[in-house]
Amino acid sequence: MTNTQLTLVQIDNYGPWTVTPDPRREMDLQTLQSRLFADLAQFVGARDGYVFFTRFDNMVAVTNGLDHADHELLQESIGNRYPVTISLGVGVDKNPAVALERATDVVQRAGSAQDGDRREVLAGDTIPDADRTDGDVQIAHFDVNDATGKYTDRLNEFDTFIHIEQGYASLMRHLREEHGALSFFVGGDNIISVTPDLSEADYRAAIEHVEAEADVELKVGVGTASNAHEAGFAAKHALEDCRHLGTTVEFATEPAEIADD
Amino acid sequence: MTNTQLTLVQIDNYGPWTVTPDPRREMDLQTLQSRLFADLAQFVGARDGYVFFTRFDNMVAVTNGLDHADHELLQESIGNRYPVTISLGVGVDKNPAVALERATDVVQRAGSAQDGDRREVLAGDTIPDADRTDGDVQIAHFDVNDATGKYTDRLNEFDTFIHIEQGYASLMRHLREEHGALSFFVGGDNIISVTPDLSEADYRAAIEHVEAEADVELKVGVGTASNAHEAGFAAKHALEDCRHLGTTVEFATEPAEIADD
Amino acid sequence: MTNTQLTLVQIDNYGPWTVTPDPRREMDLQTLQSRLFADLAQFVGARDGYVFFTRFDNMVAVTNGLDHADHELLQESIGNRYPVTISLGVGVDKNPAVALERATDVVQRAGSAQDGDRREVLAGDTIPDADRTDGDVQIAHFDVNDATGKYTDRLNEFDTFIHIEQGYASLMRHLREEHGALSFFVGGDNIISVTPDLSEADYRAAIEHVEAEADVELKVGVGTASNAHEAGFAAKHALEDCRHLGTTVEFATEPAEIADD
Amino acid sequence: MTNTQLTLVQIDNYGPWTVTPDPRREMDLQTLQSRLFADLAQFVGARDGYVFFTRFDNMVAVTNGLDHADHELLQESIGNRYPVTISLGVGVDKNPAVALERATDVVQRAGSAQDGDRREVLAGDTIPDADRTDGDVQIAHFDVNDATGKYTDRLNEFDTFIHIEQGYASLMRHLREEHGALSFFVGGDNIISVTPDLSEADYRAAIEHVEAEADVELKVGVGTASNAHEAGFAAKHALEDCRHLGTTVEFATEPAEIADD
């Protein structure tokens, strides 16, 4: 059974900082946000977690495998190298949406995102090593069927983008409302969801829903492991199976060979 | 009258590269994508343009002020420092959607995004210096009313995110279909649109549409200049006026004091 | 007694790559080199190790605390995100110079740095966890007395730089020849040395040697721990003691309070 | 005749910042320093200038081609994205050492590098466009003969490093004292010097001096242009000529074909 550990990463007092004393150059803000995200992706990714850019001032990470000391180090390192600081809240639950609620709650209770005095909250409990299992994290990796042939090589980029967004918006709402799963667009035509234990039927239903509501055809690879990297890697391999076999839903039955070279 | 110069930035052969010889660690892909975007933001931003991350493998830039040599240098520098290369297509029109169509078209005609042989396309004509005017670029900067009070400090981050996405999806479709304007989520609760000449009534209509369709309240600052940075900076200042005056739509009547310190 | 684990990081085939098919823009090479070093510093630093930029195409890291899997992951991640790959050789010995010889040797035996076919060597044995002790790594952190008052605020930058270089060159040779210690300039007026077990008398002799040979006055803080970060942090605190007490050599007698916030 | 425009880049109040309220993790400082340098390299390099990391808290740039507005933008952008700010002083003279003296002087007159109140100095005059000529910048690119065969593939990395350092220290002092030329190690076995107008005899004398004093054999390519990039690129091509022809000193007689693809 899944046991998702999520960490909410929130930049402290960011809104006010971006306009004080005056509005800052937009491209400098974009650069800062993206590079901060990239550093989080490297730190968390090297510990076999996942981070999603989400809204950039608020980011969601799947941190099964990271303990309190890891979170503390991450926060310290960011504070040493950026003109802003981050607050970190951790939440755990078999249901991702509930886990995120807990993560958000411990940060909110410490103060507003725009509270001039609230800095570097570090709260919430990580899963003790002894309690971790191979079923803790389920990751589903979706992509759009033949996006390049249907969209990228034929429409102007914005209309391709609108199609992908429609598919994403539909999937994100459906999976959140039906299952408490959290879905994130990760670039190209790819969406990664952190889910509770879902079945093949659940995924088929989601894919049919998106096709009906947004006229976008998805396929999905699903993996489960003790951490996001291994679950996600297995999901990627399963997605490659979809591509080769021409199928719509594939589960990684065994852990993907994590050939890390 | 607006005369928008847009550049489509497309990573060559990216889909195949990400899975050859095997799928790559997702967090490494996220890091590469974000840092590539950050470098584009710095290069284009320093020349007073804007870049939007869009789908990361395909990005849209407002490049009024950048000439052919600038595009060539950007392409060379990326090619020297990343394991991938980029193709650049430029398009110009008073209507942003048409400009992007032109930009996409010159790249597509050179070959598929996943053509193993197509690399570093550099095509399309930039606006000659002599033809540039202070009315070339209109930028509208939207944000969600009291996002922190209504969402960030109260809901779990994903539900806040879903609300912001609904607002974005609604605005992006409306502005594209009604006016050929292109809208991009840039983090937090901010959306930046590149528009043709729109009136206060057009913006009010767009904001009412989004409130009705997605139940999200927006306000907007609008600026016009010969380049995206100045237009966008004026728009940011106008948005601050909305904040202080409690209004919904504000146009920067004079160029914002660009106090670049 | 010290037991230094050093890793040689060597970019594969870099010389030829920088001029094939033609010489590349120098500032792009500088950017790539610096950002690669920064990524190594983050990865190794987060595991409590140290990395020194050395020659940039060849870098030296103190990797007590990193195991084989860590090295493999580092190599994979760099290979995913840069247009070059790295070879890693590990060597262990109570004497740092001997450890580095071993590290260099395992890479050299696999092939030349400019061998077109040699890529991503990963060789050498890391210290088993059970064999690690609190005396494994000794770090000495030197800085120049009153560099700002004597040099930075008075001479032109290059002449200040020449003075610092003289001090560095003298110290690096003396410590290497006398003790097999390896010294690295790390910016400003700071030099960090990885040493075997040296005494206060050894450090006083080194400082006197540098004053006599290069007319540069140094002071030093020394720390010892199971890894470079803790040893180095203790050394930094000891150096602060020199500053406050007006002394020349200070050893951290107890582990510095590693207040990691 | 040369007319070198140099900019001193100095991080404001850096020494105190690195230890306030407590010493910061060394690898975070290394990361910040390297990434700041990389950003300077990109900004200045894209405008055809050169930057040298020098001491990281103080860096030297050849900025022929950058005007006051460029310097102001660079300073603003760094201030928006880093936890530190930079002061910039510009100096111009046919002799590089004198130019740097002027650049350092305008910063020093505004206050100490560690003055808690001195921030973001921006002083000194850039060369007016109309006064620029193709002879303004002379760049000499040195490398060590057969460094890979003699050192990298045979000695341990630190002893190779010591040899390269000896060669660098000898060259830097000789060229500074004899000619006011400024030399910078740029990685691998490469040294780049910014020189006044020097002759083939001057370069031969420098190379002989280094061989006699440090037992390191150098060869050099020399280029001249209106900016550092073009002069340096021509120098690199001339160095390739040395490699192919087996010569020791080569001047780029015509501008190198700047094939910027």
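The first chain written gets the first letter, and so on, giving A, B, C and D; residue counts start at 1 in each chain.
Simple rule for what comes next: contacts are C-beta pairs under 8 Å (C-beta built on N, C-alpha and C of every residue); 3 or more make two chains touch, one makes a residue touch a chain.
Here is each chain with its UniProt name: A, B, C, D = GTP cyclohydrolase III.
From a predicted model like this one, the values you see are computed outputs, not experimental measurements.
Taking all residue numbers at the subunit A (GTP cyclohydrolase III) to subunit D (GTP cyclohydrolase III) contact, is the shared part over half or under half, that is, same or different?
Here the answer is same, because the shared fraction of interface numbers exceeds one half.
Between B-C and A-B, which chain pair shares more contacting C-beta pairs?
A-B
Can you compute the centre-to-centre distance for subunit B (GTP cyclohydrolase III) and subunit D (GTP cyclohydrolase III), using the mean CA position of each chain? Integer Å is fine.
Centre separation, subunit B (GTP cyclohydrolase III) to subunit D (GTP cyclohydrolase III): 36 Å.
Could you give the separation in Å between the centres of subunit B (GTP cyclohydrolase III) and subunit C (GTP cyclohydrolase III), each centre being the mean of its C-alpha atoms?
Those two chain centres are 43 Å apart.
Please work out the Cα centroid separation of subunit A (GTP cyclohydrolase III) and subunit B (GTP cyclohydrolase III), and write it as a whole number of Å.
Here subunit A (GTP cyclohydrolase III) and subunit B (GTP cyclohydrolase III) have centroids separated by 23 Å.
Listing for subunit B (GTP cyclohydrolase III): what residues touch at least two other chains?
Counting only residues that touch two or more other chains, subunit B (GTP cyclohydrolase III) contributes 25, 28-29, 31, 35, 42, 45-46, 76-77.
Within their complex, state which residues of subunit D (GTP cyclohydrolase III) touch subunit C (GTP cyclohydrolase III).
8, 10, 14-15, 19, 22-23, 25-31, 33-35, 37-38, 41-42, 44-46, 49-51, 53-58, 60, 97, 100-101, 103-105, 108, 112-114, 148, 152-162, 164-166, 169, 172-173, 176, 182, 186-189, 192, 229, 232-233, 236-237, 240, 259-260
Of all residues in subunit A (GTP cyclohydrolase III), which touch subunit C (GTP cyclohydrolase III) in the complex?
Touch list, subunit A (GTP cyclohydrolase III) to subunit C (GTP cyclohydrolase III): 39, 42-43, 45-46, 72-73, 75-77, 79, 120, 260-261.
So in the complex, the part of subunit A (GTP cyclohydrolase III) that touches subunit D (GTP cyclohydrolase III) is made up of which residues?
So the residues of subunit A (GTP cyclohydrolase III) in touch with subunit D (GTP cyclohydrolase III) come to 24-25, 28-29, 31-32, 35, 76-77, 80-83.
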